[in-house]
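The chains carry the letters A, B, C and D, assigned in the order they are written, with residues numbered from 1 in each.
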Amino acid sequence: MIDTGYSLTLSCPNRPGIVAAVSKALFARGGDIFSAQQYDDVEHGLFFMRVLFTLPDGGDHYQPLQADFTAIAEELGLRWTMRDRTRRQRVMIMASKFDHCLADLLYRRRIGELPMDISAIVSNHPRDTYDGLDLSGLPFHHLPVTKETKADQETALWRLVGETGTDLVVLARYMQILSDGLADKLSGRCINIHHSFLPGFKGARPYHQAHARGVKVIGATAHYVTADLDEGPIIEQDVERISHADTPADLIRKGRDIERRVLARAVRYHLDDRVMLNGRKTVVFRD
Amino acid sequence: MIDTGYSLTLSCPNRPGIVAAVSKALFARGGDIFSAQQYDDVEHGLFFMRVLFTLPDGGDHYQPLQADFTAIAEELGLRWTMRDRTRRQRVMIMASKFDHCLADLLYRRRIGELPMDISAIVSNHPRDTYDGLDLSGLPFHHLPVTKETKADQETALWRLVGETGTDLVVLARYMQILSDGLADKLSGRCINIHHSFLPGFKGARPYHQAHARGVKVIGATAHYVTADLDEGPIIEQDVERISHADTPADLIRKGRDIERRVLARAVRYHLDDRVMLNGRKTVVFRD
Amino acid sequence: MIDTGYSLTLSCPNRPGIVAAVSKALFARGGDIFSAQQYDDVEHGLFFMRVLFTLPDGGDHYQPLQADFTAIAEELGLRWTMRDRTRRQRVMIMASKFDHCLADLLYRRRIGELPMDISAIVSNHPRDTYDGLDLSGLPFHHLPVTKETKADQETALWRLVGETGTDLVVLARYMQILSDGLADKLSGRCINIHHSFLPGFKGARPYHQAHARGVKVIGATAHYVTADLDEGPIIEQDVERISHADTPADLIRKGRDIERRVLARAVRYHLDDRVMLNGRKTVVFRD
Amino acid sequence: MIDTGYSLTLSCPNRPGIVAAVSKALFARGGDIFSAQQYDDVEHGLFFMRVLFTLPDGGDHYQPLQADFTAIAEELGLRWTMRDRTRRQRVMIMASKFDHCLADLLYRRRIGELPMDISAIVSNHPRDTYDGLDLSGLPFHHLPVTKETKADQETALWRLVGETGTDLVVLARYMQILSDGLADKLSGRCINIHHSFLPGFKGARPYHQAHARGVKVIGATAHYVTADLDEGPIIEQDVERISHADTPADLIRKGRDIERRVLARAVRYHLDDRVMLNGRKTVVFRD
């Protein structure tokens, strides 16, 4: 279902009549809603909605519907997106030395679980870092980075995003911090996996921190990238139990499993139009 | 929020326009939707919806709205319920020897977590079985049962359901099997906790079965009661990990924790109008 | 099994021959080991062991065995405890306004799940705060506290610990911070439940912090009390998933369930001689 | 640590003195125990033990120790194994059409998480089924099977096990049922992943069964292969929550994640000498 029909997501200050207006507009163009979720943020008086729908075969119903919504959006003060879900989104994956998340995303794409096209694989390490992964047919870009070349590297990166028509950038354990400027430009379409449970262990070597503190549960966090690396809106988290007998190496091993499944879920939610930004938080419509 | 506003739940064969019709009808009476969920059962062509809404202060808007919906329901072929959520539902709790679920439900009610009135506590054991539980102020009924008196006991039970205005019956480890007739009469408003993960271990002594089989995970199942005790529509399940070192007694102990939280969640979902029947399954609208 | 036989726990710098020496000493007095766990902290070169054993009926084998171990301990540099598990430990429970942990611990004691005697229930709130809980037969002490009276209150508290022969103090959502002095005196025998996942959300109102941060998982932490309230050695943690739709009130509700089961597990582990201190961390021998 | 030192596993009817005898024998040859676990199956009067130890550098201490244990084993009635953990075990992976478990195991081997050599990859499908997986350098065997050729195929398979020095056979979603004869020959060294939570949904299409039954939790089971495919001793299980909105396709997708992590854990436990057979159950020494 993730690649069927059309999606509409919208948010606005809450007030009566929004759902009625949306339903009516879709109905008027022959739209058939097959999934809908909504959320009232009572605290902030905001309303969020995600609708999946089909349109009748024959004739162009999509353009007129978009025109209808442009008018409705102005009237109701909506922030909205509408998307043809049969068009695959183009995803750039960025990695560094550790490739468990990269390998996992590519595997899920290969078997059709993540309906996406790979616009580029970008690494600050050379291609032979990933010997053993089959990257054949995938455009690989080695963009090394040093303190001195960081600005240039990011310029090249941003150009690549544009040239490749990238919709979403996934930092799959890419161990470089994006500049504030680039983070801003990619706002809402760049997902990072933080190899720890936030806000518990920010910063470097979180599994060593967890071991030193003697916690009994570790986790990982997928979030949108913002200027503050560890404070972006959280999309998904998961955890596993550990014990005193787990060494830092055990935590890193168990962490890999959590990281890859948390990142894969976050990417899937994004591709499935389930994630909406709500200030420094997200609304994630899970069924 | 569980005791605020009104709820509308409905199901019907799916077709375009249902949401629009519902939204329009609510909007026409000044209804303000603050939560809505819907589900398309594509496999069976069925549509399910839950709407929470408020009505304007002053004047009676509820009765006219109900009249509106009676008409709409006929037109669209809806099965529906509408409920004033500020009216507390009346719940009969039935227990036998083990009282961990009974104790837990009463505790959650006492601190306001489960907004319900206790219409009756019924047991096939005498009241002093529960010494140590504070049952003061709660109507206790000792209805012993033997093979010979079962029909009479159930007649008394059914009369009690009526006399006390009971909305929901909760079998809180009540170890008697209801007759098919009584199960039918209580269809959709009688919740049982099965002290095992279904369909894994049906029948008696499920934890001993689990131990003998050497499983690594045990669970509990809350479901609506039907004539087939172990086959009613499942509302909620949960599990915990176990190991080879757990004895049957350990499983029973761990099982108590699972049972009481699974039952409490199921009762809460029911009281919160989140559960709808879909054949031999349920739709449970979790946020 | 939690109230059967004898326990021996020991820790020491690791070196060959410890297990052999221990086994030999137990065997020499007719001891039959029915459970044993050990852990090598390779990082710090420390060794931890827990042994459960029975002794032959008839004659006093326990006193001589203790004498044997006193000699062995000196030779091997052991920190050790030996305990007759058939003697119930005396537990003081301290609570404030919220009583879900208190209620839960009392319930588990009543049904025999936690083999302990209640030496005292202490609260800074009056007894009628707990109307609805059956405290009959349990010694209740109201020890109110203000900034001015804190030192006196703690003096009374410490005297009570001594007079009642308290083995373990459980802070069951007792919302007062113990002074460093009292925390030191209770070192290793005072368990607190922190109503949050540490080190994620320290300090006050952790569920509100979690809501504001938009995390997808919340948890609770049981730990030994030290001078730094949020940094004591962690005994047990657990978590639950949450979503954007959970309000702070929902988190508090879900948190209660996590808190009470985490605290109950920690108390059980302690009573079952499963927890050993290892610097600012614990070793918890779970099967 | 999984590839360090030596392991000793043993089981026998329980009686006093076993641990002392084992400790003494290891100590006598300079053995230094760095991990030990034991389990008393009180119900059946059986004792299980796993010991990891190092031996002094220089000179051959391993052969004499094995000789010592042969004598001890006879005296005490031990079933035992002793293994040099620095020697990598040789693992044959068998797959059919779905390769998520195969891909996962190969990935974990590549990054050093599973210390094993691949003795063979065997499939009843041709090699190009796995285009996209990098199988370079791995011996691939296409052993197609039909009802008529099954006996011959198994003969070839068994010969391959011998010729390749295979220690462990992993059925990584190999969709053929082994004959009773072959299952017997591979007893205790052939692991299967059952794509469902046993004993809940035996037989074919378990995720469709789970969907039809409306369960709220699905799982997967890794077990040793026996003549009865669904009844072999369980090594590991895990689960995930599902909802009414999950289609059978969603369950299959979520199931893949559970399957691969459950199988990987079971293989790791086996390679780490953590699993012992106890009748139709296992003892799994987890830390």
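What we mean here is this: contacts are C-beta pairs under 8 Å (C-beta built on N, C-alpha and C of every residue); 3 or more make two chains touch, one makes a residue touch a chain.
Everything numeric in this text was worked out from a predicted model, so none of it was measured.
**Student:** Most remote chain relative to subunit D, going by C-alpha centroids?
**Tutor:** B
**Student:** Regarding the subunit A and subunit D pair, does the interface count as same (over half of residue numbers shared) or different (under half shared)?
**Tutor:** same
**Student:** Determine which of the two chain pairs, A-C or C-D, is joined by the larger number of C-beta pairs in contact.
**Tutor:** A-C
**Student:** Centre to centre, by mean C-alpha position, how many angstrom separate subunit C and subunit D?
**Tutor:** Measuring from centre to centre gives 37 Å for this pair.
**Student:** What's the distance between the Cα centroids of subunit A and subunit C, rounded to whole Å?
**Tutor:** That gives a centre separation of 42 Å.
**Student:** On subunit D, where are the residues touching two or more other chains?
**Tutor:** Those would be 39, 42, 243-245, 247, 287.
**Student:** Looking at the complex, which residues from subunit A come into contact with subunit D?
**Tutor:** Per the touch definition, subunit A meets subunit D at residues 1, 100, 103, 107, 110-111, 113, 132-134, 243-247, 253, 256-257, 261, 287.
**Student:** In the complex formed with subunit B, which residues of subunit A make contact?
**Tutor:** Against subunit B, the touching part of subunit A is residues 16-17, 19-20, 23-24, 26-27, 30-40, 42, 287.
**Student:** Tell me, which parts of subunit D touch subunit B in their complex?
**Tutor:** Within the complex, subunit D touches subunit B at residues 39, 42-43, 197-201, 213-217, 219, 233-239, 243-245, 247, 278, 280-284, 286.
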